[in-house]
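Only one structure is covered here, and it is reproduced in the block below.
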């Protein structure tokens, strides 16, 4: 067994190892190294196509949002605004809005009223500066409207591509799904770098400058509420909403995860989220869970509420309710 | 210290010495690895749009290969346990190869995770003090610790033993035996923690299943030894390092038992999924039979099942006492489990999506090239380590040349 | 071309009606002009939401919500008459044209009105019998036209309760009223009172199938179970 003339490492080979390096072997080695380096350079050639501003030292050294001083954050936001202006031709009003004291946001959606018109999904896009391949592309909208068969709440047979002449169809009902801002959010738990976390007012946010793009949070989300920037976001100048905050709808970098923030750039200003503003049936109700007189608390006290995937234990702040 | 530097220098010199076959093999692997690197550079510039992944199927071939390879790395323990706990002499001759395999495979795992990142330039966010490490909350942070820990353990054990062999010293027990035992527990932990990555996600019913970690270990202890058996025969063929039949047949026994357990657990899983028609079985339906007219994974999984069954049949019958049939069993088991754990475990977790949407997944060419590149790089590392280790193991590379064994 | 012809016809008709109404008013104003009570210049029932006063505009530098379509869902009717200066003073005609209590459809004008409101079958269940510029309450008292919500609440008590609580019908503006206005749409901005069932509409375009997904070309309208 052991006698094999084709032995891969022969004694002669070994002998060479002991000898000091000759000029010839050195030159041979040098030539081989050159070939190797050339191969490596050729392999890495696409890196030359990187935009000059794609990776900046500033960004590499930037700290996590929650460790930034207000001055640092101001400077970073100025840089981001300048970058947006350079790349997209619109200078956004980039702000940082902190959670309000005594406010915890809650959202309720009336399944009796929703007719599945998708105005919310499109308003979400108009508001939040998501990337889109073409003007009609709503893939990245944070809201997916499911069409369900009457007689069950069976998501497995739901359809998001429905497109009849008119809605509602007589044998269907509709269920828009977006981030539920869970109290026990699986997405924030699994993030290896704490790039996503829950704020005091209950909104789960992402620091787009900290996310490493591992997409574990997307796997963890039971509501399919997170989107990933598979490419550098494309968005036409006229589609940009310049009212932006650092943690919500600013134009995202490539390779990071994003999600619904209940439009915190609006709601922390006291306004309603965009999806609510356009809902033709008034199926959407938004308010402060800590205010006993708020509309959302009226629903929790007086209506029959349904929690999507309650068995998963996420304890959402998003409720579905029924009218009749 | 000087001695150690000489050692490193000689290892380095040896790395570039060899027959033309060695050169050819290494060159091919290098070229494939460079092609993979090129594909990754393209992905780095263009973003993950170069892959087949979508918002619905947000993990694909990279994570599938990662999961499978963690198992292969963990399986090195199947050489360590017989050697160190059951004191089987014949396993001591080969245990080092298991550790070297673990090193190469863990590096592959780390590469597969890295190429999956959307922002590899922010890798340092995971490393304190530059970053924030979400420990112990995130299972992924556990995984980073156990994988790197396992890599260090094996580097230490293998490196120490090889250096002692080179110096012709008897290894000092206290310098490696504690690490060997630690590595046994650690090997189990790497695959268990990797399984917990998936099992912990309550929102994905296909993964949220207590059998998954056990199945992970069982299938890993088939695929790992299968690869080892094939490697041993290559070592026997191309070098003069003596490996008897005994280690191979010990591994065959391990494979057989593990495969029986694996198939039993698979049967349990199938029964649970299909006996009661729950909505949670939708992913299994999609995987095995297709759902609503979508059946992208059906050919994959049935190929895997057929390969697994062939492998199991060969292993439990006397046929595999012949090396040829044993090799066939090794190959079918290895490929079968690769499919089962990759396309068969990761992708159905995303199809249908939690909202019932069906988006299918197939790796793109660029993605496949990256995968091939990493596999080539892993093989390159493993080949190199064997190339260097074997002359040390058989005593032909020594600190004092005059003492070197003149084999061949 | 046809559209233009239709429009001119309508214009001519409207002018003729207006002239007729003006003439009628002139003729009859001598007698009972004092009995018509018009409390305020009444807005058309379906005006868009009132613009916010300047003080409550968003902070300087921030845009208004022009990118969001907040128009009330009910399609505006009778716009042509409004353009022609129609004052919504219904008594201009109805002083003469009186309706009987059990009429369920208009006899002369408004022939496009089909009353499809469940058990609520008669015009004068809602319209005041003598003052057509007002609604009628249970006891025959007038409800001002602007207070249409009070009229609907006569029957739809639970809906009115929910509307009052802010959970039926759309609200716009600010959830936090310390920071700005909250506007509520009124009943008839979404529902046509003569046919109050919410109208079906064309849905906006569906989610696009991810272009990178396997089989994206073949399956552009996928998964209809």
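Every chain is named by a letter (A, B and C) in the order it is written, and numbering of its residues begins at 1.
The rule we apply is simple: contacts are C-beta pairs under 8 Å (C-beta built on N, C-alpha and C of every residue); 3 or more make two chains touch, one makes a residue touch a chain.
Owing to the predicted nature of the structure, the values given are computational and were not obtained by experimental measurement.
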_Per-chain Cα centre nearest the global Cα centre, belonging to chain_ = A
_Leader among chain pairs (count of C-beta contacts)_ = A-B
*In whole angstrom, how far does the Cα centroid of chain A sit from the Cα centroid of chain C?*
40
*Measure off the straight-line distance from the CA centroid of chain B to the CA centroid of chain C, and report it in whole Å.*
69
*Quick one: chain A and chain B, Cα centre-to-centre, how many Å?*
31
*Return the residues of chain A touching two or more other chains; collapse runs of consecutive numbers into ranges.*
139, 144, 157-158, 160, 230
*For chain B, what residues touch not just one other chain but two or more?*
49, 51, 53-56, 357
*What are the residue numbers in chain C that touch two or more other chains?*
209-210, 212, 222-223, 225
*Over in the complex, which chain C residues touch chain B? Could you list them?*
209-210, 212-215, 222-223, 225
*Spell out the residues on chain B that touch chain A in their complex, using ranges where they run on.*
10, 13-14, 16-19, 21-22, 30-31, 34-35, 37-38, 41-42, 44-49, 51, 53-56, 58-59, 113, 116-126, 131-134, 137-141, 144, 197-198, 200-204, 236-242, 279, 282, 349-350, 352-357, 387, 390-391, 396-397, 401, 404, 406-408
*Write out the stretch or stretches of chain B touching chain C in their complex.*
49, 51-57, 292, 294, 296, 357-362, 364
*chain C residues touching chain A - in the complex, by the definition given at the top*: 58, 61-63, 65, 67-70, 72-73, 162, 165-176, 178-180, 185, 190, 198, 200-212, 221-225
*Which residues of chain A touch chain B in the complex?*
1-4, 6-11, 13-18, 21, 29, 32, 36, 39-40, 42-47, 49-50, 55, 60, 64, 139-140, 144, 146, 154-158, 160, 177, 186, 189-195, 210-216, 218-224, 226-232, 253-257, 309, 312-314
